[in-house]
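Below: the structure, in structure tokens.
Labels for the chains are A, B, C and D, by order of writing; each one numbers its residues from 1.
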Amino acid sequence: MLKEGKKYIWKDYQKEIADNHYYYARSCIRQNFFPGSEATFLRILKNELNKDIFDDPEHTTCTGIGYHSDIIPLETTMTVVARHFALMTAAGYKNLVPSCITSFGIYSEILETWHEFPETLEKTREHLFKATGREFNLPENVVHTSDIIFKFRDEIAARGRFRLIDQSTGQPLRIVEHIGCHYARMFPHKGIGGAEYPYVLAGMVESWGGEVIDYPERRHCCGFGFRQYLVQANRGYSLSCSRKKFESMEPYKPDMIITNCPGCPYFLDRWQYVIAEQEGKTYGENGQGIPVFTYEEVAGLVLGYDPWDLGLQVHQINVEPLLDKMGIPYNPDEKYAGPDGQDLGQPAELTCMHNL
Amino acid sequence: MKNFGYTRHTDRQIDFDATDKRLYQFVFDLEPSINLCIFCGTCAATCSAGHFTTLSFRRISLLLRRGMNDIVKKEIENCMLCGKCQLVCPKGVNTRNVILQIVKGIEKYEL
Amino acid sequence: MKNIVVIGGGIAGMEASAFLAAKGYSVDLIEKNDTLGGRLANWDRLFPTMRRGSEVTEFLAEGVMQEAVKVHLSADIVRVERHHDTFLLVTTQGNELHCDAILLATGYDLFDARRKEEYGYGIYDNVITSADLEQIFSSGRDILTQKGKKPSRVGFVHCVGSRDEKAGHTYCSKVCCVTGVKQAIEVKQQIPDAEIFNFYMDLRMYGMHFEALYKKAQEDFNVQFVRGRLSEAAENLDGSLALKVEDTLAGRPMKINVDLLVLLVGCTPSEGTRKMASLLGLKLGFNGFFKTTDQHTMTNYSDIPGVFFAGTCIGPNTITNAITDARAAATAIDIYLSGNQLANRKMKPHEEFWLYPSH
Amino acid sequence: MNYNHFVIPFAAGALILFAILVARYAYWIVQMPRSDRRKAWTGFFRPAFFRSLWEVFRESLIHKKVFRVNAMLGWMHMSFAFGWFLLIIFGTIETKFHKHKVFNMPYDPIFLRYFEHDEKQFFFSQGFSFVMDFLLLILLAATFLAIFKRIRSRFFGMKRTTRLILGDRIALYSLWSVFPLRFLAESFTSGLHHNGGFLTGTAGIAFSSFLPLQQLELPAWWAYSSALFVFFVFLPFSRYNHIPTELFLIFLRNCGIKTSGRFSGFTEFEIYSCSRCGICIDKCQLAEVRPQQTQAVYFLQQIRRNILQPQTTFNCLQCGRCTEFCPVGIKADTLRSIKRTDYSLEYGFSYKYAEEKIPPPALPVDVGYFAGCMTHLTPSIKIAMENIMKKAGVRYHFIDRDGTVCCGRPLSLSGNERQARLLMRENKYIIRNSGIKTLVTSCPICLRVFRESYDLGIEVLHHSQYLLRLAEEGKISLKPTDAVFAYHDPCDLGRGLKIYEEPRMLIARCGELLHTQQEKNEALCCGNSLADFVTPEPRKQEMRDHTLQELLLNNPDALITACPLCKKSLTYGSNVPVKDIAELVAENQ
């Protein structure tokens, strides 16, 4: 693998990322499955980087899930997106930062459609006005939250207390990065590093001391695929996709997986459990699973935040072995204790997975 | 094993390195003209048995190379060895001997 | 005596220069490299004969020598002025060349395989181009993987940068298919144990004896041809490459590992073509090669009287046809300079771009 | 009693030979089926015995068939066989007169010259000397021819000659030396005792002028006896084994015994009767295009040596030309068919799909037309047949109009008799189910298997036979033209089913039929035989071109054949139209 070759490609895929004053759009999935990640993002931006970011309570789904499940027509999506822009305009922001990769894809796609077919933009303005009486300006800068973290990755590294290093050996952790499909597949030039060798997560891993693994099925989808997961009978398809990735990355002995998409960390995490239950096959060191993280969680770990504040207790795959490896202290007793000390409940007993 | 209401799908992808190419090698060694096949399908279109069944020499020739011997074995059963395919083949593949050698190979390797 | 400047010292430029000089013109041949021979100088053996490329360049050089063509090596044109029927060209060395006709033989460039990102050229250790492989052949080195192992399986990918709208080249580069077959045979000759797989969309064996070469590859060298274009390559732990193709004839996706992957890169319009087009104010065709006056009959003629084309600057072509075209261009220039009526014939204009989306 | 130690090699050799042959033949006879053995015993008391004697004289001594194929070769064989036979007969008689005794030692006639020098003592002694010398001269000439044939086979009009194995070589060289050594030994003796005939006597006088015959005489007789010893001992292990074996073969065959279905003791007689004369090599079209040793002679040799290769078994057109031309009458094509079943497959084919796909006719009709797979590839034939039958007002059922179930012969030719039976069963059901009384097919391949293996109980005709019948019944009338035609006999139709005349009679009604070099039972194969599993396509085309060359020698206007496969094969290489007999009839109707 020639790093220079990747750098040659990366230089073609740079994008402008606004410096400050962000309008934050939360993700349906993430705020439910990984609430700690979004909280951490805001915490990092506000407390560590001193940025102005507005977390608007009025915004809704971008309709991405419905749209990609073929149950929401494009016009509706456009109007909903237009409403978000109206909220942003009203709040006085120009830089849109969605937390969800699919939302990022939706915004990018809609903006591109309006650019190619201006009549659809006019129609949308009309629809939105008729429905809500709102008007909007187009955002000046639309980037994904992972782009923001990428932009400030070196600042985070500088302020960090931990690095992605195995404390016992001093060797960098071996990290699989997994990019959400909607990040750059549709518009390679809207993703840092392009679609084939995205640099957004790899850049973070490098800055924070880890080593990126490029394995054969790196580009393969996690298998979420909306329809595939949402219909129970189709879930085998999702499962098969993730399994293909695990099988491919297994020989590289990864320490962790880092992702920037709502669905991917969820499925890469949960499917390991399902595969263990269904086939008795386990991955990771000693068969204890490969822990899966969002980039915010990893940034939080680097910055020395308390693992349970990051929400790592909601992961299916236990993160403790990795925390031990990195030398990050944690209190096992507080794992399932909520902010007020109430019991969060624990995952059910597992039959197959080792050491859980 | 827990029942989740779904199971993993078998992969449609041909994993070339995981399939058994002994049969192809066996046939190729005895009838190298099989590699002249350009998969034009003339053979399959004229096939007497293909008139009644799904038999296609073109597909057999291809799947044999990919080591998908189960399908080959199943499909070849219908061949009547009449030789029409051989007469129409534009590349001179000795189709009938290929078929015979495949069956022989299936017996040899107990596929 | 009338002067002619030929720009580009590849095979077309060389042969046209020799023919024009033999006709009694004073010919200046401008070549940007320090040797003549163009792309052929980097090619080892030729399809379908397997003769050395150098034999052809030597033959052509003999003509250039014999007819005392004035060869300007390491020279480039920096300025062109047009005065009625004559031209003034200024070279990088400061030479001012006055001439009555210009022959453009600016050839082609190879497609930059790095642009086909998913194939990993320049990223994965064991991905090389057909041109790299020719270099290995010419040098007499063994074909080895990056780790110095003899490859036990080699893949060839056809149409890299050709017939690919995403890569910006909609046309067929014409020579890569048969080059892929030729190189597959050569690799097999060097490594008889190796398995060879050629991944193709269509095999275009249009030339005389090309089909026979293809058949030989199948029959005598057991080269496997897989109809399916490579979608993506990824590197395995051991440095081999995991290829994803669809076996379109089986109707199934296929994964196959190879130790070495050869990308059969296509032809693109050359840097020299673009430069001369802007210096002369010539139109380029839809694909970026020179636009000829007519597609069928006036392929050596540009829209500027006195400016002519030869060889692959108007589109990909074989050596055989480039040489023939060079001689045709020499004749066209001769007819033009002799004032013969033949030069004044006109074709009804046609729209070159009717084939392509609105432009 | 005459005796010298040098008689031992001869006597020992003769005893060994006798012992081996008796053991071997006894074993084979035991291996024959009981019914065959019964036929053989009773054969002695039937005309078969005398027919056999006559055939032995004709073929084993005179070699009539060899003469027919190649006169020079015939002469050589006759010289050896008949010459040696007479030498033994006259030698024995001579001995009897000489000794005035009925019983002599078996070696007496062989070495008579050495032991008996007084030539004047008995009746006609000079005459015997002359005859014996004359026969020796003929045998010496034959030896010379044999040696010359080895060096220059083309002189005999033979393009190829058989390759020898070790046993053959030793036997051959010893045979070559037998008669020259006898000549030397007898000459030396007559040089000393002046008792020879015109040849040995003269030579003896000449030798005595410059050779120390006293010292050479005994060694020469030793050498002669030793050569006989070597020849006798190696005979059973060489091609010359055919000499005694053929006698039995002729008798057994005349008793009505033959090989069918599987190998028996009789087959052993057949296999060992091959003289390896090599005629089958020259007659084999494969020999023209491929160097492989696959012809009948090699096939039989490989069986004898138990090294039969599948390549040899399956690399054969089964055109039957080798059988047709074999001087010994070995049915090599039948043997090869049987041998192929050794390679038959256990399973791997299943045809249950066939029968329900082809429906019987809506209304009962008498005539059923079966086009066959190959006819569907040459649709002009079936169109012609339909046109003729419609025009002739025949009500017929086109059995395989919507798809053919293969007749099974191609499978049978691959040795998979069991699977072929499965297919035949399906087809038989379809044909019987159609309720027809006459089955007409355009394909000789189908026709042959319908007749030989189907047991349909109805009339089965080739379309040429049927068309001739229609013409003779006046249902179709043919207009003669000026055109000249050449006719290609399809192997299965001609040599296979002996249908030579019907197509010719039809052609004669349409124009002039030219003779070709090799026709009827001698006809060449089109090269595309379904029986051959090995020959690569380019070589088949080469064979086809040879065949076409011969067929088109007299520039016919069209080439007529009566087999869709032959038509398909010949069409690609021919520069004149190639038509099926049905097409010709349809055009001239």
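The rule we apply is simple: a contact is a pair of C-beta atoms (placed from the backbone, for glycine too) under 8 Å apart; a residue touches a chain by one contact, two chains touch by 3 or more.
What you see is a predicted model, and the numbers here were worked out from it, not measured in a lab.
Shared contacts of subunit A and subunit C, meaning chains that touch the two of them, come down to B.
Just to note, of A-B and B-C, the chains joined by more C-beta pairs in contact are B-C. With centres computed from CA atoms alone, B is the chain lying nearest the middle of all the protein shown. Using the mean of the Cα atoms as each chain's centre, the chain most removed from subunit A is D. Subunit A and subunit B, compared by their mean Cα positions, are separated by 46 Å. Averaged Cα coordinates give subunit B a centre that lies 39 Å from the centre of subunit D. We define each chain's centre as the mean of its Cα atoms; on that basis subunit C and subunit D are separated by 63 Å. Multi-chain contact residues of subunit B, defined as those touching 2 or more other chains: 33. Going by the touch rule set out above, the chain pairs that meet are A-B, A-C, B-C, B-D. On the subunit C side of its complex with subunit A, the touching residues are 114, 117-118, 120-125, 232, 234-237, 242. Against subunit B, in their complex, subunit D makes its touches with residues 314, 343, 345-346, 348-351, 353-354, 357, 373-374, 376-377, 402-406, 408, 410-411, 414, 416, 423, 528, 530, 533-534, 536-538, 565, 568-569. Per the touch definition, subunit A reaches subunit C in the complex via residues 1-2, 4-6, 8-9, 194-197, 214-219, 251-252. Note for the complex: subunit B touches subunit C at residues 12-17, 28, 32-33, 35-36, 38-39, 58-59, 62-63, 65-66, 68, 91. Residue ranges on subunit B touching subunit A, taken from their complex, read 1-2, 4-9, 11.
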